[in-house]
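Labels run A, B and C following the written order; every chain starts at residue 1.
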Amino acid sequence: MSRQAMIRLLGVSKSFGATKAVRDLDLELAKGKILALLGPSGCGKTTTLRLLAGFESPDAGKIEIAGRPVAGHGASLAPEKRRVGMVFQDYALFSHLTVAKNVAYGLKGSFGGKKRGARVAEVLGLARLDGLEGRMPHELSGGQQQRVALARALAPEPAVVLLDEPFSNLDAALRAQMRSEMREILKAAGATAVFVTHDQAEALSFADEVAVMFDGKIVQLAPPEVLYHRPATRAVAEFVGEANFVPGTAKGGRLRCALGEVPACGECIGNVEAMLRPEALHLRVPANGEDDGVGATVIAREFYGHDQLVKLRLDSGPILCSRLGGGPGFKPGERVLVETRGTAVVFPKV
Amino acid sequence: MIAAGRKPRSRTSARLRPPVAVWLPALLVAAAMSLPLVYLVFRALENGPSEVVEVAFRGKTLAVLARSFALAAIVTAASLAVAVPLAWLTVRTDLPGRRAWAILAALPLVVPSYVGGFVLVSVLGPRGFAQGALSPLGVERLPEIYGLHGAALALTLFSYPYVFLTVRGALRGMDPALEEASRSLGSGALATFFRVTLPQLKPAMVAGALLVALYSLSDFGAVSLLQFDSFSREIYTQYRSAFDRTPAAILALMLVALTAAILALEARARGRARYHRSTVGTAHPHGGRIVTLGRWRWPALLFCSGVVLLALVVPVGVLVFWLSRGLAAGEPLRLLWGAAFNSVYVSGLAAGTAALAALPVAVLAVRYRGRASGFVERLSYLGYALPGIVLALALVFFGANFAPGLYGTLVLLVFAYAVHFLPQAVGATRAALLQVRPSVEEAARGLGRGPVRVVTTITAPLAASGILAGAALVFLTAMKELPATLLLAPLGFDTLATSLWTATSEGFFARAAAPALLLILVSALPMYLLVIRERAQ
Amino acid sequence: MAPLVLLAALVTVGCGQQESGGESASEEASTSQGETTSPGGSVADEGTLVVYSGRNEELVGPIIERFEAETGIDVEVRYGDTAELAATILEEGENSPADVFLSQDAGALGAVADRGLLSPLPEGALGQVDERFRSPEGEWVGVSGRARVVAYNTEALSEGDLPDSIFGFTEPQWEGRIGWAPTNGSFQAFVTALRVIEGEGEARQWLEGIQANAPRVYENNIAILEAVASREVDIGLVNHYYLFRKLEEQGDGFPARNYYLKNGDPGALVNVAGVGILRTAEHPEVARRFVEFLLSEEAQRYFADETFEYPLVDGVPINENLVPLSEIETPNIDLSNLDDLEGTLDLLRETGVL
């Protein structure tokens, strides 16, 4: 279904020598959406980005941008003709030009003198860079440089903006703030964007849709919640967040395992591996003498201020972790009772 | 190479005081560099300041000044026009055989200017091969080869590699993301080259251009053979015809003043571009994007072969021709192994000495930037621009009168070479040091190593290939050196260059061909290594 | 740095040092470099002679070798340009390691003598040479002579076409047909002679007259001679001996010959290559023996036969093709006075020749 697909990849493959970086990839992105390409290093996400930009050409398959074929099946459009804006990991600002000239770089043709100036001002305002027009890139902070890079990419109104690990050069503290700012800017501009990252938190918070890639293929393409709560495979589940795995048997939407009986989703029946997020496990201190329920001993605890991750060993053996709000601290060695709230996701037992 | 990148975090290490182990050697180097200047001032003032004024402001002198400046300007512009496209073609495009072209394009540096000029006249001159080949076709007289354009051609052909090498290094060190960003913003390959690549290359271009400009001022071989009256020819004429060294010294001081002016221009040209390393950006697994030439491949190949033909094939070809003609006429083949060994030996020593001397100067310039370091660097360039005869006489003066034990020994000759060619080593070392991130050195300091240990155990090894490149350049130039060698070498110490001179000054071309070819061959080896090493980086 | 030197050494050791058995002095000199490769360098010791030679190694090397062979004295030579060596001697001053200065022309000797750096030569040596060709103060003596001649292309001209005097070439008919080398020492010596004999004004007129004929400029005499032979120019102002070399190389068909100007014309100047002993010589005795050798019949014959120059000692036969010295109508001039090259240079500059 391609109601208004801004980019479309069909059966795209790319190899470098003996290595297959991208294998038979299919992807579509609607206009105005932000897509994250998430995966470990070497999974092919950067290659996919460069294929879109036109810096690599596919060995097989077809790529379309705004309905226009740009690669594959005879078409081969040079990067400068694709109307694709790109933000690089190290920003790649032109150090010999001012901020305003950097942003204006891609504007030409239909933009005359005044129109050009107006567009530059507009984009600078959008990126909250007013007043910095005359500065040189090396005079700016990291966050400002990143916004200039984004503004420069947005100024010529590209069909799609591509971002290559845009936040990896920033301090941790700055990252969260920049993420929300960038998202606001992109949404305000109505831009379609694809960005590449290996950080799941980044992907989940920044994107409208996330495509998880392993070994050159997209394993799951879904909105962040779906990805988090209903991962398609065990590997995806592990990659996208902390996960607990327990063996069990599933039948008819219910799972029997060491944690008792739990609602389950997923189509498997019989011996399965069930995944539960740490938030699904609740702990409480047993009342005096209470012996009912799933018992466990606390092994370790990490305190994050706003929440805590508690590692515990069930009496029946498995080691799991539970995420709690900043409640009463649990010390190693303490006895607790585990209550499961939420649905498990089952995978076939391997 | 020097790259005008931008620093996300600024390091204020420039404020630190340099340790003794750095500024003391640098000071000694500066003192050594100023010996020729002291000599010149002493000689120039011998007959009183009135003579200085009289000689300096003579109409003829000012005319020579203008001519020399014009020559330097033309040669610099021409070298840039040849070297920058060559560098771009061999690094950034899919030119067929670009690795071979890179080596061939750098090789003309090994041809001495007095050989190259000679060959040029014998090919393009009024009695040359070209005239002989074309007169049956009705071409009466080729355009005059002598004069400004001939001298400019000769100098350009054999010194453009200075620019070629520096620009190539800069291109390789450049962040490919810059060009990709430009293309994603809608600029085609050519527009990207002019709007983004070229400005980024400015520091490297300026560095190479400086070497070329100053070389064209100091060179005597080419301008004398092609009969152009520049400063060096004027100075030589003074020494050869008048036995009063004072006017010559005054002229040499004027040359120094011209050099200082050019250095000032260079500082302006460097401008706001800071001495930043190229950004340590994405370790791009697939390298920079290569520009496909398509139909442009043919003009590009034509251009490359034209340059290599004139600058390399023709000189070597003519020499081989003379050699074979001489052998056919019964001349013995003089394989001057002794002279070759001497050349290599003393040039090797010079290269090592220059590299060592350059280290403190470069460290000062990069890590402890300030007025003092800039001054020492500028001083080293003055030695480069002086004609060899001036340097030689300065050292004769000091050697014979103040250091008789050293006079007439190899030590003084090696010293002369080092003083003369230091800027080549300094430039390369400085560029290499810029690539070493200060954070690495700081880590070493944090682990308890003092500044000298850090330089010797961390910085120098990391910058090693750049330092070696500088040493190789000095080696090459020392192999070709003639005037200082004639006057300062130990008695009986023949080099290939002096053997060449012996033959050519009496017109024995065939006898000159063998040592000339041997010189070119022996010099070509480190040149080859220089360019190949680059590849491996 | 050390690896580079090591590499350099290895490369050339691999080539090996060969004695190719050549006869020339350069081979001789380079085999003796075994002792000069140490940084201590070579320092002359007992029984060694240090010569600064402005004459080319190819030309005088063999005769120096003969001296070494006959006397067993080791001679170490620094070859270079005459004027540069003179400047070097002047810079070295009292500390000069040189014993003997072998100069291409009298002017350089005169300049060194003027600074008091030459010591008087023994009477015996001086007496062998005509007064014209030695220093009146006895500080230097000529060893071989060379005559200024006009080389002309035999296909274009015959002797009868050429004027008797050098001034004849200022006539308009010679426009574009003259070649000269203003930077060459011999030419400048000639101009100095012109100034001394005819006076400054006449000399200036001559220079301007030739300049008006658009002469072609060359770096040295060989280049002029070749240009004459290839008819690039029709006549050239050169020294006599280059023709003989060419005749030997290319045979009698070589289309150029020498023409001597007449009647004591300045253009018929005979200049000399000479030798002087430095006051700072460590071994003056050895130096004297060297000077005497250069004036001996053996050496004088060498100059006559091998380099086609004029021997200056009486009784030595000259090359059969050469016009005898006695027949050349040389101008009346003291060669020592040819050391005012500064004045010549100024004149050359003022007239735009240099």
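Just so we're on the same page, a residue touches a chain if its C-beta (ideal position, glycine included) is under 8 Å from a C-beta of that chain, and two chains touch if they have at least 3 such contacts.
Just so it is clear, the structure is predicted and the values come from calculations on it, not from any experiment.
*Asks:* Tell me which chain's centre, taken as the mean of its C-alpha atoms, is farthest from chain A.
*Replies:* C
*Asks:* Looking at mean CA positions, which chain is nearest the middle of everything shown?
*Replies:* Checking distances from each chain centre to the full centroid gives B.
*Asks:* If you average the CA atoms of chain B and of chain C, how far apart do the two points sit, in angstrom?
*Replies:* 34
*Asks:* Express in whole angstrom the distance between the two chain centres, defined as the mean CA positions of chain A and chain B.
*Replies:* Taking the average C-alpha coordinate of chain A and of chain B, the gap between them is 53 Å.
*Asks:* Measuring centre to centre with CA averages, how many angstrom lie between chain A and chain C?
*Replies:* 87
*Asks:* Given the complex with chain C, which residues does chain B contribute to the contact?
*Replies:* 60, 126-127, 146, 224-225, 227, 237-245, 332-342, 344-345, 347-349, 351-352, 355-356, 389, 392-393, 396-397, 400-401, 404, 407-411, 467-468, 471-472, 475, 483, 486-487, 490-494, 498-499, 502-503, 505-508, 511, 522, 525-526
*Asks:* What does chain A use to touch chain B in their complex?
*Replies:* Of all residues in chain A, those touching chain B are 16, 50, 53-56, 78-86, 88-90, 92-96, 105-106, 108, 136-138, 142, 145, 152-153, 156, 162, 164-165, 169.
*Asks:* Could you list, by residue number, the parts of chain B that touch chain A in their complex?
*Replies:* 4-8, 10, 175, 177-178, 180-188, 195-196, 199-200, 202, 272-274, 276, 279-282, 285-286, 289
*Asks:* Where on chain C does chain B make contact in their complex?
*Replies:* Against chain B, the touching part of chain C is residues 1-2, 4-5, 7-9, 11-13, 15-18, 20, 22, 26-27, 29-33, 36-44, 50, 56-59, 76-88, 90-93, 95-97, 107-108, 111-112, 183, 185, 188, 217, 219-220, 222-223, 226-227, 230, 232, 339, 341-342, 344-345, 349, 354.
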